[in-house]
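Presented below are the structures under discussion, each in the form of structure tokens.
In what follows, subunit A forms one complex with subunit B and a second complex with subunit C.
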Partner chain A sequence: MAPTSKLSLGIKKASRSHAYHRRGLWAIKAKHGGAFPKAEKPAAVADAKFYPADDVKPRKPSTRKPKPTKLRSSITPGTVLILLAGRFMGKRVVFLKQLKSGLLLVTGPFKINGVPIRRVNQTYVIATSTKVDTSCVNVEKFDDSYFARDKKKKAKKTEGELFETEKEATKDLPVFKKDDQKAVDAELIKAIEAVPDLKSYLGARFSLRDGDKPHEMVF
Partner chain B sequence: MPFKRFVEIGRVALVNYGKDYGRLVVIVDVVDQNRALVDAPDMIRCQMNFKRLSLTDIKIDIKRVPKKATLIKAMEEADVKTKWENSSWGKKLIVQKRRAALNDFDRFKVMIAKIKRGGAIRQELAKLKKASTA
Partner chain C sequence: MVKGRTGQRVRLYVRGTILGYKRSKSNQYETTSLVQIEGVNTKEDVAWYCGKRMAYIYKAKTKSSGTHYRCIWGKVTRPHGNSGVVRAKFKSNLPPESMGRKVRVFMYPSSI
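And now, the complex of A and B:
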């Protein structure tokens, strides 16, 4: 519908009846049985019984999805890593693969330096440029659920037993885990023994001596 | 104690400060009391303060500001590279570079080798001591 043209501000060119006819208001009336269609008034909203004291926005749950952890380019399967923290601080271990959680799967090998198949965070590790051949090792079966802790069942204690010190049965490693360790290490050790001095290198711990400048050392 | 190494055209010097640290250059001209024009086969000719240069014993036979090709030819005739690498100064620098580039595994191997060498020396010494007292 074209806007009514104006002669001046507030003065329309077409008269009231002329505009009525031109806009087709007679047709709308005819369509709706002689009267304009009335819009339905929305139902009156009852006054809320409770108004919160502060105008606080409701918090929306976060839709952020964390990105998969980026693996340092210096870490590839077979790289010798130096562990920097924890029980095996200073030990040189062999990197196997990165798990879905972002943690690195490493092994000593166990026979060489006592480090079992274990998960380790990338940030607590120095990657050396020494590489071992891990093409013969199959690490498909290892994932984060392999390392999950067993759920402890809490048995109901009688009053007397409550005050006794917990005698927890020291759990032995399940046999299948020991076998997995042996399977992974068997081929790896052969590859390691092929390189002279590598076995004793992996068995030795790393430490800083007097005069060492770690920021200038090439790893 | 007279001076033996002079700033002259053809003197080979080692850069001891700045972007070109460790490079061997040849003095091809003297700009003024403090600066020299230096040139090397793999670098654009530029001026450098004498304080940035450490003079070496090596000197080559060139005229003032030779062309690059002439300079390279003169350096090869004087065999600067071999003379430098056989000098004790040059050998020291090569060893330093090699040690700085050692891997963690390499450093481990060096440690093992040092222990073995020390052990062998001590064994021989013990033998000699025994022989001299016997």
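And now, the complex of A and C:
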């Protein structure tokens, strides 16, 4: 209902009975059997036993979700990449796909340059303009959990075994990983051999020589 | 440092020379070093190197982490002047012995 208008501060234009009639309070009362409906009082809150000394805002967990890593436009499936650091630095490898974590999935292929199916960070890679046809390769099964480290089982050791268990840790690659490597590389190598010189190109390592200026190079 | 790598050795860094600290005539500011990168001669060329990591490698008498070689990591921050000299900041300030010695400027983080 519209508020009662005021003539001045504290002085209403309409009289009490006039306002009562205008607001229709008589109709509300009639609807509820003669009495004005009273709102239920909320249950009395028990006195808190503990009042913290300072008013501290409870910390809210962050709802920020990191964005997926943007793939450089120069990197497409089949691009030959040069690894810049790590065990295989200088090697030219074939890019397969970007994993959900943002890392790039690459393979040597293993037979050509010894680089297995591996993950690599985009910033440690130079994309060349050379491309290999990877349409025949199926990389659906590879994701970050494929590369997760095996959790070591903590076996209870007795005194005698304490000295023996150190030799138990075997670092052989599980057979299914070797098979995956062969499966991915089989088709790739055929595509690579179709292009003249590409196989020896992938087998050779990149290196800077005297007089080389990377800022002027076109990769 | 390379751990006994057999086979081909590849250089994936550009050589640089440490010229000294950022300074004016009578004051020097050791938190920033000046580096001359080989083959870089203009301010425009330096843009490619900005942000690239660099390592100052030196030898020490005692072994740490299994090797006598030690390293201070840093990065190229900005050009210095018009002629290709570069300012660099390292994790800890470079020692004065480094003046005139080599530094490795790597090609990562790469944006090519």
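Please note the rule applied: the second predicted complex is superposed on the first by the 152 of 219 C-alpha atoms of A that agree within 3 Å, B and C clash if a C-alpha of one lies under 4 Å from a C-alpha of the other, contacts with A are read in each partner's own complex, and residues count from 1 in each chain.
One rule holds for everything that comes next: a contact is a pair of C-beta atoms (placed from the backbone, for glycine too) under 8 Å apart; a residue touches a chain by one contact, two chains touch by 3 or more.
Keep in mind the model is a prediction, meaning the values are calculated, not measured.
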{"item": "Touching partner for A:F219 - first (subunit B), second (subunit C), both, neither", "value": "both"}
{"item": "Greater subunit A contact set [subunit C / subunit B]", "value": "C"}
{"item": "Partner chain in contact with A:S129 - subunit B first, subunit C second, else both or neither", "value": "first"}
{"item": "First (subunit B), second (subunit C), both or neither touched by A:Y146", "value": "neither"}
{"item": "Touching partner for A:S74 - first (subunit B), second (subunit C), both, neither", "value": "second"}
{"item": "Which superposed partner A:Y201 touches (first subunit B, second subunit C, both, neither)", "value": "first"}
{"item": "Subunit B and subunit C contact sites that coincide on subunit A, given as residue numbers", "value": "206, 216, 219"}
{"item": "Residue ranges of subunit A in contact with subunit B within the complex", "value": "80, 82, 92, 128-130, 197-198, 200-201, 204, 206, 216-219"}
{"item": "Touching residues (chain side subunit C, partner subunit A) in the complex", "value": "8, 10-14, 39-40, 45, 47-49, 106-112"}
{"item": "Footprint of subunit A on subunit B - complex, ascending", "value": "100-105, 108-109, 112"}
{"item": "Subunit C-facing residues of subunit A, complex", "value": "72, 74, 84-85, 89-90, 122-127, 205-209, 211-216, 219"}
